[in-house]
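In what comes next, chain A is part of two complexes: it sits with chain B in the first one and with chain C in the second one.
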Partner chain A sequence: MPAPDSRPHLLARRRLRFLGLTPDDAIRAFFGGNAVVAVIVLALISYFLVREGAGFFGQNRRNLEVYRLAGLEFVDHLRAQEEGHTALTRRLSELRLQAFDRLSRGGADAEAAERALVGFDAYADRFGVAIDPLRALGSELGDVATAIKTKFVVNEDRKEERRQLSAEGRTAEAERVEVMPIDFAAAVKPLLAARDRHREVNRALAAELTSLLVAAPAPPVPELRESLERFGAEVRAYVSELPAIERRLETWDQSRPVSLGEALRAFLFGRQWLTASFWQDWYGLLPLLTGSLLVAGVALILAVPLGVGAAIYVNQFASTREQRVVKPAIEFISAFPSVVLGFFGIAVLGEFLRQVSHVPWLDWVPGFPFSERLNVLTAGCLLALIAVPTIFTLAEDALNNVPRALPEASLALGASRLQTTLRIVFPAALSGIISAVLLGLGRVIGETMVVLLCAGNRIAIPDFTQGLGVMVEPVHTMTGIIAQEMGEVVRGSIHYRALFMVGLVLFLLSLGINFLAQRILRRYRLAPA
Partner chain B sequence: MNAHPTPFAPRSRQRRLREGLVIAIFRAATYAVLLAGGGVFADILIKGSRTVFQAEAPFINTTFLFSAPESLHVFEWEGRRREMGDREFRAFREREPGAADVRAESFVYSAGGIWPCIAGTLLLVAGAMTLALAVGVSSAVYLSEYARDGRFIRFVRLAILNLAGVPSIVFGLFGFGMFVIFFGWNVSLLAGWFTLAFMVLPVVITASEEALKAVPQGLRAAALALGATRWQTIRTAVLPYALPGILTSSILGIARVAGETAPIMFTAAYVVRDRLPWEVERAVDFLFQGVMALPYHIYVVSSKIPQNEYTERVQYGTAFVFLLLVALVAAASILLRNRLRSRLRW
Partner chain C sequence: MPKTAASSSPIVEIRDLDFCYGPVQALHAVNLAIPARQVTALIGPSGCGKSTLLRCLNRMNDLIEGARVVRGSIRIHGIDIHAPEVDVIELRKHVGMVFQKSNPFPKSIYENIAYGLRLQGVRDRARLDAVVEQSLRGAALWDEVKDRLHQSALGLSGGQQQRLCIARTIAVEPEIILMDEPCSALDPVATAKIEELIQELRARYSIVIVTHNMQQAARCSDQTAFFYLGRLIEHAPTRDIFTNPANSQTEAYVSGRFG
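Let's look at the complex of A and B:
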């Protein structure tokens, strides 16, 4: 401490003042200012995410409006009908596969099996071609709609060019850029006119399918009778749906405005994330959200038992020497860079898991064997390794914070070590452990590189109908999509803004998880004894 | 406990066995975690060491560590398989007659080295940690020395906790929106520094506050009683004793800063850049240039080029160098901190 030599004594010192502040006040203010930085950063993050992302809804509304104006929506109603039929055809070929399987297992050679299936094949073929007239109509109308949309896009580009030219002051050139206004109502006339034809096509389709059902062949193997009957019911349901589609086309209103709420719903509950498509771009959050949650779920299923188990062991049973080795070692794992783990997943773990899944006696595991190296399971395993240190450290803290009196009292009553741990210490620390798990979840949902490299990056809602087997499907995630597409999008485009909206959702999700974790911790914490 | 006549009765053998079994399961969970972590670490270390070390003196592959990435060309020549980097291949084609039209398979980034990435990562970490330490330590000083518990301070603490939970990719988006676009810094070192510094801020604040809290109140009371002002107390009686703790704990922040890829993807990192960061014309350009970085390079080489025996070398080599750097920093921090904790018992 510098000696205040020239002054008589410390306490009588006169303070310098600047703007009414003593130096001490100023220093205090400086430190206080730094403390507020965290608050400011949090505010800035929210501001910039909203600033860049908010324009999305307006743009998406326009996007959906054009979808309606150009008649793409109209054609998609037709396509839904087509897809329904395609699903049924796929069902038939699955049945054929099963029948073939049964036949060859029943001792028939391939030729005999094929012969037994001739009747079935003819039936399936007739079923398949029944849709052709509708498909032709759909593709014809699709061309019309695409032409309208292309015209619109070209026009937009020209408008933009014109705006830029006149902004640069080159008015003469701007005048020369031609913009042809589109009369959407007139342009979709051919679509509306096709409704009568559609009705006729539908009537023929319904008649054909019904007559096919009547003339359905006997099942090639008796075991398939039930499946075939179910198929028949499905076909009847499909046929009875046809008038509904006709009605939808009938009531389709090109000029119905798209509300902002609709644009919001299309984002939050949209089931497709489809960009740079020639038909229509969709920015739906659901495939990404389910992907993120699925990967996080698999990771937590692995990480919670391991992390909490390790915490209990280290805190309650391990010797001091063991503690001194294990705790730093697990902390050390937390320092593994996630991109290195992701690389490990690509280079080693993915292939390893795939080979494990082909081990014959592991057949009972849902989803095994699988052929995709990169999937939910691969990413989940690596994310578990990331989540374990977080869960371990916080859970261990929580166990440590249980007042000593509790286990001591329990032991004094004659309970064993294990009984004390499981019935006294663990419940007492439960709130801390739950919040540890939640923070682990936050860590896992926000992790980017592992899922970007190892989750398979297929943008679709995973197929939950196969039960637990869903965990070996490739998915895409919210963090992954931002990392992957942000570098390629045009600044200010709808795609760019959609990515910021995904970021905003991620931000709010992590805040929510954090908030919940703290809430649980504070609400159920034991009062210090 | 009702089964026993007295609580002190010895437990049955079966019961003890069962307890031992449950404890063994907990123990197995612990070691499974360590095994998994160790497995990953060992795999990268073993396969990577083939790239980084070599049999002849100086035993370290200096080309890999100290030169820029190049494309690797693989071709058959006079019955032998040759592998050459860009420059060597060009020279070879000029030197050898008839080599001009040799058909070579090329793999980007698979020859040469990773020196620009190492340099870029070191620069990014140094700048970001300087910023984060300056703000973070000051912030911790305020929270631990000046602030009285109140609604505002609780709010600040809540913000710090929440900031710690924000995903790194969101920091990347934020840095992109604010520094790269709004401030117009483009993809630059400066934008990366600020983005990473904000990301690591909660870690530094928490670590510093813990270190400050560990300094006994008596020291402060004594200094204040001698007539020192608050700041004099902090400067002479608190900070010097807290500083080792602050620094060692903050090293863990370094590991975090160096290890993250997502925040620098759109703010600071280039896929490839010819010039080294200090080869700039004007001093200002230094701040506003993008750099190559190890984590981003790993991402690029593991996802954008095919996996085979030629590319594997650079993939594992880069992962090795990066993991070793981060691991050394983290290990140093953990060991130093444990040392400090056991020594500094007031």
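Let's look at the complex of A and C:
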């Protein structure tokens, strides 16, 4: 006798539905939704960065235009000339210091040394005052230019006020706000008229410096002869540059327009980041970019051997028990909040490194001894600590992903453990290790708190002429400057937008690094063997 | 042509071998003499200890934590290979191994073969060239790859890769070659080639092969040892094992009634 209903159930069964979704659909929608949210957020952030940053170039163009219209650019040519002279004077005082040092080491007491340097000092003094007429001219013209700029700024403020008043419908009040028309061309007349005086001043300066060269004192100590000769050559070069400066003033054209490209170049290759200045604001990326790269470079130099070495040891040589201790220990480092690390850097590491640098037998190390507690090295050491867990974990994964069959085959051929690691496992994991290093770099470039606290925050391109000594100079970084200044700027101002541009550069840098890391990982991944 | 066990002096002698992975005993009192220049097949159901025994012969088990010989000895040319004065690296040069899954290095074909010699510090290009050619010929692979020696070994087919691994093994001129189910991942054509190769190799090498494939054991081995639950049940010339087994479990296994 057949069963009451032996037909198979092929028809759709009734399932629980909510908003027309089965539980399966709902779960799928949940996960898909999360992925979509991630993509949307990324797109929104990128859009926001670009939108806020893009206005910068227009504003910076206006900024540079005013720099030119108000004649600040004109005066800066003069100032450059002054600075050239100042550098030479500084050189002279350095030479004096060296001479004094030599004399006292040669057995002379302080008084005798001073006496021996009398001739040199007279020379140096005459050299120093030679610039005074030019400096006076520069300061006079500077006042003119600043006055023009101040007038412009006041006018801009009034225009803004007017705009706001009319926007609020208070037209009568808006009418009363007075906007003075500025005739830039007329305003810079005094500057242009001063060119003849400048030529005269220059002629006198050239004559004075040349006559000083002839009357140069005998070197107070024989060792300085060469340095003095070099100084003489520098002075001659300086004097021969003077006509070029005159020509630059001659051809200076107030009405030459500033192109957007110039505004872009002034940002990307600008060598100064100078804000809220009474003279002229500069938004140049280079000091910040070099600072960030230097710190990241030092961090990687320290972190790559540590991280990769530890990964190789743990993966290839450590016993299970060692692995159980070392792996969590290294990964635990990343549990330190970076502000705590920065605090540690200020309180302990900076001072410690400074004292180490003063150990006499370490003075062969480039840059040692140094006096700045907070510098590239201090920040780099701490950033290395932050990069090590990333590099270690990812490199260890890469080593772990090498199929066990490969080291087995190598060992079976009579290779030692070390040979197997170096010749088979390491090369097979290399792409993964490189991408681990790159991701470590991305981590370090984006790190903010440590560099803000420990890098020294001096906004200037470090002095590369000292070679590796550049490692102990204080720098500022892209991340640090954003964190430091974003809180103080007026929304929508040029400074605000400049910070967004820095953020955008940072974002693109990180994006590039991550992209590269993934490309490398994919390209060199082992073919399934 | 299969010979009898007595006709050839043993190169490996295993006596009363007990072997443990941690607390688990994998081999119980195994006694086995492996004759020189013959093919000895180790057969038995999964988990019977045949692979463990194979990996004892070149001490690959050293890599597994907690794995150790508890009792008994393995002697090669009369030397106990677990004695402290034995250098495991030297041992592995004498006892080569071919794995179940072909595992060429992610290098060129040439470098795969030259690897063993480079480990020993050989830099002489002419000698390396000679050994590479000789080994590839020995593994019947030369004609197929001689034009692409410097291309990646990963581009070879599965059967070619396995023959490459055999060539890599014979490049360091071992006396004994261990094969751990070398054909289990290959198709019948590639398998036939490897079996043919084994027949050629037995003139110069002593071969121990672990196999699940009863026909393979019957076709290409001189001696067969049947393992069950960590014990050596029967060891005899292959023809006897397959036609006239002394033990009823052996008979049940070779005739396919269990395993």
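Convention: the second predicted complex is superposed on the first by the 500 of 529 C-alpha atoms of A that agree within 3 Å, B and C clash if a C-alpha of one lies under 4 Å from a C-alpha of the other, contacts with A are read in each partner's own complex, and residues count from 1 in each chain.
Here is the rule we go by: contacts are C-beta pairs under 8 Å (C-beta built on N, C-alpha and C of every residue); 3 or more make two chains touch, one makes a residue touch a chain.
It should be emphasised that the depicted structure is a prediction, and the values quoted were computed from it without experimental measurement.
A.B. asks: Which partner does A:487 reach: the first (chain B), the second (chain C), both, or neither?
C.D. replies: first
A.B. asks: Scan A:144 for contacts with chain B and chain C and give back first, second, both or neither.
C.D. replies: A:144 contacts neither chain B nor chain C.
A.B. asks: A:377 in the overlay: touching chain B, chain C, both, or neither? Say first, second, both or neither.
C.D. replies: Neither: A:377 stays clear of chain B and chain C.
A.B. asks: A:414 contacts which: chain B (first), chain C (second), both, neither?
C.D. replies: Touch partners of A:414: chain B and chain C.
A.B. asks: Is A:39 in contact with chain B, with chain C, with both, or with neither (first, second, both, neither)?
C.D. replies: The answer is first: A:39 touches chain B but not chain C.
A.B. asks: After the superposition on A, what does A:320 contact: first (chain B), second (chain C), both or neither?
C.D. replies: In the superposed model, A:320 contacts chain C only, not chain B.
A.B. asks: Applying the document's definition of touching, compare chain B and chain C: which contacts more of chain A?
C.D. replies: Per-residue touch count on chain A favours B.
A.B. asks: Quick one: is A:405 in contact with chain B, with chain C, with both, or with neither? Answer first, second, both or neither.
C.D. replies: So A:405 only meets chain C here.
A.B. asks: Is A:49 touching the first partner chain B, the second partner chain C, both, or neither of them?
C.D. replies: first
A.B. asks: Which partner does A:423 reach: the first (chain B), the second (chain C), both, or neither?
C.D. replies: Only chain C is touched by A:423; chain B is not.
A.B. asks: Both chain B and chain C touch chain A; at which residues?
C.D. replies: 413-416
A.B. asks: Please give the residue numbers of chain A that touch chain C in the complex, ascending.
C.D. replies: Interface residues on the chain A side: 319-320, 403, 405-406, 408-416, 419, 423-424, 427-428, 526-527, 529.
A.B. asks: Along chain C, where are the residues that touch chain A in the complex?
C.D. replies: Interface residues on the chain C side: 58, 60, 63, 65, 89-90, 92-93, 96-97, 99, 101-106, 115-116, 119-120, 152, 154, 161, 165, 168-169, 172.
A.B. asks: Going by the contact rule set out above, which residues of chain B touch chain A in the complex?
C.D. replies: 1, 4, 6-8, 11, 15, 19, 22-23, 25-27, 29-30, 32-34, 36-37, 40-41, 43-44, 135, 138-139, 141-143, 145-147, 155-156, 158-174, 176-178, 181-182, 198, 201-202, 205, 223, 226-232, 236, 252, 255-256, 258-262, 265-266, 295-296, 298-299, 302-303, 307, 312, 315-316, 319, 322-323, 326-327, 329-331, 334-335, 338
A.B. asks: Report the residues of chain A in contact with chain B in the complex, numbered from low to high.
C.D. replies: Spelled out, the residues of chain A in touch with chain B are 1, 9-11, 23-24, 27-28, 30-32, 34-39, 41-42, 44-45, 48-49, 51-52, 305-307, 309-310, 312-314, 317-318, 324, 326, 328-333, 335-344, 346-348, 385, 388, 392, 413-418, 439, 442, 445-449, 452-453, 479, 482-483, 486-487, 491, 499-500, 503, 506-507, 510-511, 513-515, 518.
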